[in-house]
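One structure below.
Chain lettering (A, B, C and D) follows the sequence in which the chains are written, and residue indices restart at 1 in each chain.
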Amino acid sequence: MLKNNNKIAILTSGGDAPGMNAAIRSLVLAALHYKFDVIGFNYGFNGLINSDFCTLDEASVRDIIHRGGTILKSARSPQFMTTAGQKQAADNLNHLGVSALVVIGGDGSFNGMLALKGFYQGQLIGIPGTIDNDIDGTDHTIGFATAVNTAIEAIDKIRDTADAFDRVFVVEVMGRHSGFLALNVGIACAAEQVLTFESFQNPGLELQNIANHIKQCKDERGQSSYLIVAAENLWPEGVTKLCSDLQAYANITCTPCVLGYIQRGGDPVAKDRILATKLGVAAIEAVRANKDMIMIGETSGQICEVPIQLAVKHKKQVNAALLNAQNSILDIAELAQLNKI
Amino acid sequence: MLKNNNKIAILTSGGDAPGMNAAIRSLVLAALHYKFDVIGFNYGFNGLINSDFCTLDEASVRDIIHRGGTILKSARSPQFMTTAGQKQAADNLNHLGVSALVVIGGDGSFNGMLALKGFYQGQLIGIPGTIDNDIDGTDHTIGFATAVNTAIEAIDKIRDTADAFDRVFVVEVMGRHSGFLALNVGIACAAEQVLTFESFQNPGLELQNIANHIKQCKDERGQSSYLIVAAENLWPEGVTKLCSDLQAYANITCTPCVLGYIQRGGDPVAKDRILATKLGVAAIEAVRANKDMIMIGETSGQICEVPIQLAVKHKKQVNAALLNAQNSILDIAELAQLNKI
Amino acid sequence: MLKNNNKIAILTSGGDAPGMNAAIRSLVLAALHYKFDVIGFNYGFNGLINSDFCTLDEASVRDIIHRGGTILKSARSPQFMTTAGQKQAADNLNHLGVSALVVIGGDGSFNGMLALKGFYQGQLIGIPGTIDNDIDGTDHTIGFATAVNTAIEAIDKIRDTADAFDRVFVVEVMGRHSGFLALNVGIACAAEQVLTFESFQNPGLELQNIANHIKQCKDERGQSSYLIVAAENLWPEGVTKLCSDLQAYANITCTPCVLGYIQRGGDPVAKDRILATKLGVAAIEAVRANKDMIMIGETSGQICEVPIQLAVKHKKQVNAALLNAQNSILDIAELAQLNKI
Amino acid sequence: MLKNNNKIAILTSGGDAPGMNAAIRSLVLAALHYKFDVIGFNYGFNGLINSDFCTLDEASVRDIIHRGGTILKSARSPQFMTTAGQKQAADNLNHLGVSALVVIGGDGSFNGMLALKGFYQGQLIGIPGTIDNDIDGTDHTIGFATAVNTAIEAIDKIRDTADAFDRVFVVEVMGRHSGFLALNVGIACAAEQVLTFESFQNPGLELQNIANHIKQCKDERGQSSYLIVAAENLWPEGVTKLCSDLQAYANITCTPCVLGYIQRGGDPVAKDRILATKLGVAAIEAVRANKDMIMIGETSGQICEVPIQLAVKHKKQVNAALLNAQNSILDIAELAQLNKI
């Protein structure tokens, strides 16, 4: 076990996610409890390279558990992509006497840890913070629950207009290349269709299916609204193009909406605050137990440790059957065989 | 004064706006109090043409004061643009014995009233319902206050990410061709720039001004976020193009965000519920007083009546000086000479 | 397996919980998919006794997934506490040809199912709907996640005032006789103390501990706010009395706040909408599989079936160690050994 | 006109109100524009007495426009009630070279200004910041619009439960001794009764009227919820007593809810942010124009100046007729003659 008064450093990297501040707070309070010194690097890996950091104490993390964004700032760091940058970062960590670095971020950040490990002998611990939930080895990432709720609150408003006009809306949600946001948002908003990677066939087939389903719904239900939730990066050229494709293919008029950056910010919901608090404390315990190159996650309500190189595999997927079930009111009962969202 | 047991009809038309349901409720309760029969036409002027209507009683309007959208639905009605359509609508109103029609909507709806008047002898009363606040003769339209708040809540979230990355964001808000939404949202979000019609010069000059101001802010404040709120329909080809123009002109990287349809929906804020309640009751009083072809509005806290043909003039503008003041932190003090937002 | 066109009935009972409407929707859509007829009894078990019911079809459940409360209403039913009432209820179910009844509610409702079983031969299936999360055999009940978020949003506002005045606030949250709400809310709001059943000793000892901790915090942190989250039904005579006790015992001035009924209502968060959707479909599958006297729950993300008599045992408890850890910033690191909230 | 580089001081006093931070920001930016030095006293008048202050620059007020509470803290100050305290405060102001002090607060704070004037020769300018809206000479005070919206969002949730159970709820809102909050909240929530000072007769008569109205509504509408919004400090011993009185008088079961401190906090709505921004800039202009002992307010959309001694007269009242109209669905049409909420 490390002697205390050793120094722990924290940084946030990649896209910001609601709950990152709650994780920073938890890390700091737990580290202070064990008499560690704590510093925070600003602007992600850029802060490592530029030795841009601040001391973190109890006052630094007061009243931040409920704030979106990250008090440590974030940034993309092209410089850290280079060997020179990684070496500079390691030198700075050593020079500052940092014995353990905790990185809060997504898979890009974890790949950064893998690169840094070539030059740095201290401990590296990851905490999954991204709204995309695309990290293996943890049921949920910090920020995911808030992003889902932000999206459904936005779509509840859009549904008001869709209902008033019996209109078809196509709403694009974030998620990078995974369908977790789209599927959860789609179910929670009673979307008539969820379009995401796990079930996607090809634009031609999908167009046909969507058009048929819209017409079937109109026939069965009379005039009414129809909502499609689509993952970003899915439809070639995006949802605006999907709408014009539907117009061209089947003379169906749709309104596209890209929810965009509102999904990254906002006060975290309770789930993200609590998850962040637990992961932060567990990360400090992992530091004390001399763990290295692991991510702290949570599966089935239990804290777990995952080797960083496994966390970035992108094998975690939404349940395709659940997705198919959601996509047909007629088949919603198939949801019953499906347990894991 | 009309004898009671005459029949009043209501419709909502044009873009939906939060508070339309509160207006419907108020109209119905006040009309029932005076023993009028009340019917509601569905889908705006289409409902007139198709005689698609429902009876409205106290139960119909229970528990709707706080709901976005409109229980009477809305629609664009190309058919009503024709003389045949207008004549059909008038015939149906007469056939149903409707002695007064109340139209809740924006300037398109009021122009519809002007057209209908050529064929219909009953009373026509307008209530301003649009998030754009672009109706003359009333300080605020129903839905405007909610749309401003929806936009600022969204932008507060975007600011989290802007701050985390010290990034420049350009957020497009609705408003059609008026700057009320953009200006109010910009001031309330402490936007560093508001771009709207009243102060717009030409793209070249604006690009230069924006680029200079961004650089000045970065110089004076160090790294930090920078927020531009832009009115829709302002920049040629929209805010995405504005971002690429800024990149090309001054190598400034910006992120575009189009808030879109979330601004039309959602539960109305108190202001819109109360305004709608007051206008609804006043409209029924106007019916009783045999008024015709007027819009019920509110200026300086007082109910007022405005001839419909004046309400659609589009002369009401945001205060350009207030706008200029907002656009410079250095000039914010000019706000002092400016009283009217 | 039941032949279809059999009739399924639904009722909601006990305190309303956000997500009950999502469960009703899911039950109805899944049942219709399998060609069941569906009726809903109004006002809980009262509806059974009075044969007060309505037919439920696809239109009945449109646009309700995001609404708080319950479209089937709820009620306390003293009459159903009697044998005569239970027999009447069973007779009505038989008379109406109901072959399966799904009850959405808490432990009182499930005890009602146990009583009804004495007289009714059809299937009885339970779905856990209560904000208190005090049902055994399921990780979460429908409504719990929303209630936690409603409480933290309220407390975030209270913290504004607490911080402005460096004041001590004692906030009472619901939960009946379990500490799930209090603990989750306390962690998510960074409460300095959580008072709940699992760790409660006696008023005298607790007073001493609280007073010492408040003074310690003031000494270490200087002036600052201090937040206590307390479970309802915990302190003899409630939190107002706790405040006067603290004044008398240690001259500490506290402000009491009872959050009250806002915690029961409001639009459900995504978690409750999705949980309700899954449990509803699974309940219909259970009907098809001829299951009887079970509750459908979810543990570790998996649907499960629990005998009703086990669901009402009240053995599920919050983790007392997690609770103790939360209660001391000095001991927050103990959270690390604790996995289950 | 003052020479610049003179020093302006700011403090917030009395109950905190959402928008106070927006006012501080506006004051600081406008003052800096005119080259004033700016300091902020902490904890209201206590800060004056203890010379507890901080320098305020552009960075101090970044990112606070949307935050509840007050970064300058507030406090009750018994010491400032004494002549010695007032003299000490004046001495400190003079010693620090403060030529103008801006006080953001309610009538207690303005009375403090009147007292301070006896010992201080510098300028004193007031800005109305209180959720109660009980300041004469301004249509709205900073914080009022947010408090109304916070209350209606809470009551919308309570209405979910009221509707589910067809229950009578009595909700107490803040407002000290004025009815602005109660009336606006009542209208916006479609309350069946608003109880406030302006229309209150005596408990006996009120009990009779309420009981009759509840029974009439139940008779006419069948089972349904019934909502009473009551001003704090109105009913002898509060709304819990009102509920037991109704039980005793007419066997009507009611549930009391005290909204409490959630009404003081929370992110300000757009209205309060914009009002605070305008008043802050106007206050600095007033300083430059050598004004003294005035409050900056807004009436009918226009900035105005009001002598402090007039601002504290408590003559502004809600329209009693509007109140009576709201209290009867049968009389809602009387709203039409009433223009000013």
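Methods note: contacts are C-beta pairs under 8 Å (C-beta built on N, C-alpha and C of every residue); 3 or more make two chains touch, one makes a residue touch a chain.
Keep in mind the model is a prediction, meaning the values are calculated, not measured.
Here the chain-to-chain distance from chain B to chain C, counted in touching steps, is 2. The most distant chain from chain D is A, comparing centres defined as mean Cα coordinates. If you average the CA atoms of chain A and of chain D, the two centres end up 40 Å from each other. Computed centre separation for the pair chain A/chain C is 28 angstrom, with centres defined by C-alpha atoms. In terms of their C-alpha centroids, the spacing between chain A and chain B amounts to 35 Å.
Shared interface positions of chain A, i.e. residues touching 2 or more other chains, are given as 156, 159, 163.
Across the whole structure, chains are in contact as follows: A-B, A-C, B-D, C-D.
Those residues of chain A that touch chain C in the shared complex are 25-26, 29-30, 33-34, 58-59, 62-63, 65-66, 139, 145, 148-149, 152, 156, 159, 163, 184-185, 187-190, 220-221, 224, 267, 269-271, 273-274, 277-278, 281-282, 284-285, 298, 300-303, 329-333, 335-341. By the touch criterion given at the top, residues 12, 15-16, 18, 67-70, 73-75, 150, 154, 156-161, 163-166, 169, 255, 257-262, 264-266 of chain C touch chain D in their complex.
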